[in-house]
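Structures for review follow.
The same chain A turns up in both complexes below, where it pairs with chain B and then with chain C.
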Partner chain A sequence: MSDDKQQGVPMVNVQIDGEWHQFPKGTRMIEACRQVQVEVPHYCYHPKLSSPGNCRMCLVEMGMPPRLAPGEEPVKDKDGHQKIGWMPRPVIACANAVAENMGIRTDSELTKACREGVMEFLLVNHPLDCPICDQAGECSLQEYSAEHGKGDSRFRDEKNKKPKNVEIGPRIRLDDERCIMCSRCIRFCAETVDDPVLGFTDRGSHTVLAVHPNQQLANDYSMNTVDICPVGALTSNDFRFQMRTWFMKETSSICTSCGRGCNTTIGSREGTVFRQTPRDNNEVNSAWMCDHGRMNYHYLNSEARLTDPMIRKNGEEAHQVVPWSKAIRFAADELLKFNASEVAVIASGRMTNEELFMTRRLIAELSVEHVDIVLRRGKADDYLVAADKNPNTAGAKLVLGLKKPGGELAAIQKGIESGEIKALVVLQENLIDDTDFTTELLGKLDFLLTTYPLANPTADDSHVVLPGAAFAEKDGTMINVTGRLQRLNKAHQGPGQTMEVWEICRDLILAIDGGNGIYGVDDVFKEMAGQIKAFAGLTLSKVGDQGLPLLKTKLTVPMLEREKERIAKGEIVG
Partner chain B sequence: MAIVVKRPKLTFGEKIYLSSIAKGMMITIGHFWRALFGKGTVTMQYPEEKWDENLPEYYRGAPALVTDEQDRERCVACQLCEFICPPRAITITPEEIPSDDQWAKVEKRPQKFEIDMARCIYCGFCQEVCPEQAIFLRKDYAITGVSRDEMVHDKKKLYEIGGVREGLVNKWNKLK
Partner chain C sequence: MAKVKYIAGKEPHAKEHRMIFRNVDREGWDTSLATYQKEGGYKQLAKALKMEPKAVQEEVKAAGLRGRGGAGFPTGVKWGFVPPNNTKPVYLICNADESEPGTFKDRYIIHQDPHQLIEGLIISAYAVGAHLAYIYIREEFPEGAQILETAIEEARKQKFLGKNVCGTGFELEIYVHRGAGAYICGEETGLIESLEGKRPYPRIKPPYFPAAMGLYLCPTIVNNVESLCHVKHIIDMGADAYGKLGTPRNTGTRILCVSGDVKKPGYYEIQVGKVTMGELINDMCGGMKEGRKLKAVIPGGSSSKILRADEKFTLKQGDKDVEIGIEDIPMDFDSLMACGSMAGSGGVIVIDDSRAISWVLNNLNTFYAHESCGQCTPCREGSAWMKKITDRIVSGNASPEDVDTLESVAYNIDGKTICAFGEACSWPTEAMVAKFRDELIGDTDGKNAKRPVSKETQEAAKNLKSLTT
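So, the complex of A and B:
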């Protein structure tokens, strides 16, 4: 719980492993322990879900002061604490709240014996699948069995056989033998995304997790069950057998598939992205993200990636691969041939603020008047997905100073049609596929420059094609639909000669007028903070992993609103 | 800090070193005698004669993949050997076993398994770490090639070297 929520809540004294601490009344024992860096192992407990207390892994020894006889005064020691009477039986730490003068022992003989016992029961039927299990390396069962387990099994009988490798949805694979019945996935589907399709059937050690008859786990948030599954029972078809977890480098970034900007962790190895998983941020996406956004990274590893700058001189048929220096020189020389009124720039709401700012400088350099971005509107859902499919429309509006994003496109089309606009610079957009620009229209231009991560029809028509980095390959910031400034971090350098758009713009400006004093992305942000009021006083590092509220909007996140209600009711910890 | 090495004090006999020469000559003549009338030559005529017969049990040669009695590849592409390999000689691309395969229940196998023998240092960590008893260091020692590519052993080559190993753990047969 954050400090602001503790206002007016009385504090209670709790002894954890012999040390006295103070917590707000109502704090769960497990959270109290976590706050003072005492780990209580757990499977079924998840702060964003209800606490059924069915895994029994978080059992701890608990004690309270002895009940007083009528008229008896409590005996306190010199620090004001009463003597704790330890209870003979352990309690679960996840569903019980702390109380005044409570004692918790997480390292006592009883607690250790409980953990060892629970681990032994869980491992009785658990298969030794670790070599082929995708969860290996980030599996709670592996971790706790190393920490709290016995090392070998006393179970000499045959293990239970249960369904393995079951497709319970288009993106999810279920292995029932690995399931430890924590019910996190069941609760997530029922409570958080209102799609109660999972449940337990059969009894005792034959209990299996299953989807209800004629149902599928197919909602757009289904892959979150894979993340919260503490073992490898639920695995993602997308990530299945792609890469072992310990090989992947984890980079904190954000999802760029819609304006929500869900916080993510990008798992990549040697220049290949293997997965995206949600990262906790209570102001943006809680602990979840949609399946669409999560899987929208495959194009990064595509064969169709542009890897080298290419130019096509007038009269030539095919593009020619050239070094960056030559491509930039050629582009700058071509652009300088036109009057300011003959040039238009179409940037993208998928670019970072830094890229947009360097675009702004390029626009100023060329005194371009026609500037716009391509809008992408889609459907919002009642959870996280935003209607704006551009991740940084707010940034484009702010940095480029657009009054009405998307409003200038028609004028640019008209200008090309009438011949008033002769040169067009398209940054990170594919006009032919994503807008109503046509090959015929673009054919009327004397000069067309595009940057894009992938080969595309607009690039085919261009005179200069530059490989622009995609989201996992760049540093920078974006502003989401609720006005929060968030950071993207570079997981790895893009393929081949790929460059980030701010670098491309920097080099273009350099080629046009010979100097700009920009070296790194921090310099861009610094300059942006100096010129745009909203960014004043900020630096890239101040934005941090959790982002900062930058612009005021009245928008709320439906999923977060519901979670806030549930926190207020005490159903979840949050 | 300098260390002072104490030189041993030599006796008169040692100082004139004739006795040492005589000792050395005795050894040489002894070998000469045994070569003439004893066991014969002690050198091996490589490459006409190979080491293969004379390698000790614990010799660590080329790492190779093995199949089990039913010709199933033991490797399940867990990539632990790739992880442990100090010179990063091993590269594995895993894949899912198709559902119509006889061993579909094993679920996972290597699509590609490459060991760069130009990198391999024959440490044997891969064999030690393998949870499936699928990779072993065999006695092959003469790994040659005229290009770097030839020095990379692919899956086919690895199974060729490895062959069948019987009587090891058989968890996919016994229990499932």
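So, the complex of A and C:
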């Protein structure tokens, strides 16, 4: 809940495990406990979804002051609190709000008995297949079982048989025996992405989760159901059986598949990315991300990755792998052969601000006039996906000082055609596949330099090919479509000799004039903050995991707007 | 009122007080509006429409009418829960899902005297300010639904329903909605969900108290068929006269449905608390079957806690505590509650000494495991687990420890679920294990302890082995 929402809301006194605290009236009991670091275990409750109260795991002992007879004055202790009359019936902490002089016991015998009971019930029909279950290691059932369970089963009967390994959509697989019927996935589909294809069929202990007849869980947000599934009932076809969760390194980053910049956690191990999952950010993506963005990491692990710097001298057929020092020296020498007006630079809206800033330095060094980026316009959806398929168009515009991004490309083409432009530096773009540049046109150049993560036709035509790091392999910042400055963090070094583009530019500048005082990405940011007003006063660490509003835009995020409405109505906590 | 002649062999017992069931099994009686009006039908509606709605509510409150569906909550008080500043439409729902095993009173009202229900329903709708009412009738009453449809059509033609009820400007429509066959649809919020076209998953309370947030999140009153019929009689007699029927705090009459091991099972309408369990079983029902002895009684529908024939109960009479036996329990709400059970829906299930309690319990557990909606964990998993255990007790594949497990499972459900089904499914086990522990343990077979498969399966497995060797 945001702080500004709580202004003007009266505070109530609540006793949690013997200690008195104050909370804004209307705070859910479970959230009040969380705020004072008291964990209430739960399965069905999710702050972004409605609260059906069905798992019963969050049952706690609750008490209120005794009801007074008419005219009777309440008896208060020296701190002004009334005596609490504890109720014999436990209540769910997820859907009930705190009230004045309420007491909550999360450590009482009653509460413990409730948790033990619910844990035992959840496990009687749950398969004990943790060793082959992808959820193991991040499974609420596993965790709460260790913390609140009995450690022993009294169940001597046969477990229920239910459908297993059911393809309920192109990316999702269902194991009904593992399902604990929390209904989070059903609610997510119905409430958050307006695609109510999931539901329960049958009754009682035989209840099964299923897709409705002739339907599929195929929407572009389907994989979020895997994230919110507290057990291993819903698994991702993409991730299943690929890596045990506890072996993965988790890196906070952002998705770079469109201008939204959904906050993510990259799961990787030993230089291989295994998955991306959404990370909560109430200003960007709530708790969700689209399937397209989530799956758009496979190229990082691709065989087609460029791993070494290569050069091809004029007259030579094939590229030769060379050490970085040689490639940089060669590139610098080549570039210095041209007049400033003969060089053009095409950078990318996929680069970080830091990479763009070092590009700006290189451009200044060479006094280049023809500078642009490649635009990528696509379709927005009514949820998170933005029409801008570049993650950092705003950063490119700001850092490179572009008046009209994409507006210079035609002039560059014309210049190459007429011979006025003789050298072209292409950073993190594949012009031939992604724009209307052709091999024929590029063949007119005397010198072409390309950085890119993957082998591609533009690189084929280049004199210098440099392996540029992809998003999971770099530190830096980007500005999303709503103007928020957000951080990427390096999960691991890119394959082979890959370098981040800011490093490549730094080394080129170094080779051209012998010194620039830049060593690390922090130095880049510091210098950028000194030169570009919008970044004034900021440092990389100040950007933090949740980002900062940097540029004012009037744009809103459709999904967030709807969530705000639901928060206002009290349907969800948010 | 003229003396009523009943069909031969179906005459009420002398200790009965026929009010709601006055026309049930009546000679020459049918379900037509003409027949109903010959006996003063819809006169009480006209009378009520001349009163202020609030006055009708007060009359019902003053009469002390307690709900006949199971919980025994005062009907007038329930009506008063509609928020005073409400601006949304108010709905009235007649709960005709009569699904508690052992209960079969509402169906006779619907089948034989539908206009009594409709008149009561219209008066009640007027009292609570509803302009739309639903009769939610269980799927298993197809004929009843047809009878109601016909009766509503007749009433509409006579302007007892529609835009201008009896020319007073009051507007009311009644729709009959048929369920799809689920016990849980009798739970009022489950019923509301079902009426909205969803799975009948009961709602959490708070916040979804029907009187404030019911059907389509509007204030909604849900009343049992019999309760609504009583409203008509309260208007007829006045609260004072009605309140003199029965006993203080347990006013009026109620229909007891007796099933099980008695000579004459059936329905008996009594003044609440004016008949004891002994009178009911021995006099009205003709006593136990030949050569059998009373073993136990489930007094208020299958979910109420069982009473042992040899139990002693303590009741307050005046200021004194009096110890009584099962046959002396007055059949009213408070006495049965004081005896540790409840009057519930009025379904009295009599069990004689020929019945094994494990069989009785297994029968109920099978029902509740089948009917659990499966929404919340303790009931979903617990009801099925209890059934699996009693299955084994019945088939001789249980160990004595299973009885303890059974009891503990029941207590892990009780009080921890979204709706009262948790209590409904755990109380039979709690009470039967507490009161018949030795018998249940005696039914377990030590030799077969902790074997999950039935004797039949074991035999089959043996045969299989002999085939392969």
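Keep in mind that, in the parts below, the second predicted complex is superposed on the first by the 574 of 574 C-alpha atoms of A that agree within 3 Å, B and C clash if a C-alpha of one lies under 4 Å from a C-alpha of the other, contacts with A are read in each partner's own complex, and residues count from 1 in each chain.
In this text, contacts are C-beta pairs under 8 Å (C-beta built on N, C-alpha and C of every residue); 3 or more make two chains touch, one makes a residue touch a chain.
Worth saying up front: this structure is predicted, and the values here are computed from it rather than measured.
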item	value
First, second, both or neither for A:E369, with chain B first and chain C second	neither
Which partner, chain B or chain C, touches more chain A residues	C
Contacts of A:C130 with chain B and chain C, given as first, second, both or neither	first
Contacts of A:R240 with chain B and chain C, given as first, second, both or neither	first
Chain B versus chain C as contact partner of A:D522, first or second or both or neither	neither
First, second, both or neither for A:V118, with chain B first and chain C second	second
Partner chain in contact with A:E158 - chain B first, chain C second, else both or neither	both
Which superposed partner A:E191 touches (first chain B, second chain C, both, neither)	neither
Which superposed partner A:R56 touches (first chain B, second chain C, both, neither)	second
Interface residues of chain A shared between complexes with chain B and chain C	158
Residues of chain A touching chain B in the complex	128, 130-132, 136, 158-159, 161, 164-165, 240-242, 244, 246-247
Interface residues, chain B side, partner chain A - complex	76-80, 82-83, 94-96, 105-108, 131-132, 171, 175-176
Contact footprint of chain A on chain C as seen in their complex	182, 199, 201, 204, 206-207, 369-378, 380-385, 388-389, 392, 402, 405, 408, 412-413, 415-418, 450, 452-453
Footprint of chain C on chain A - complex, ascending	51-57, 59, 88-90, 92, 95-96, 113-114, 117-118, 120-122, 124-125, 154-158, 160, 180-181, 199-200, 202-207
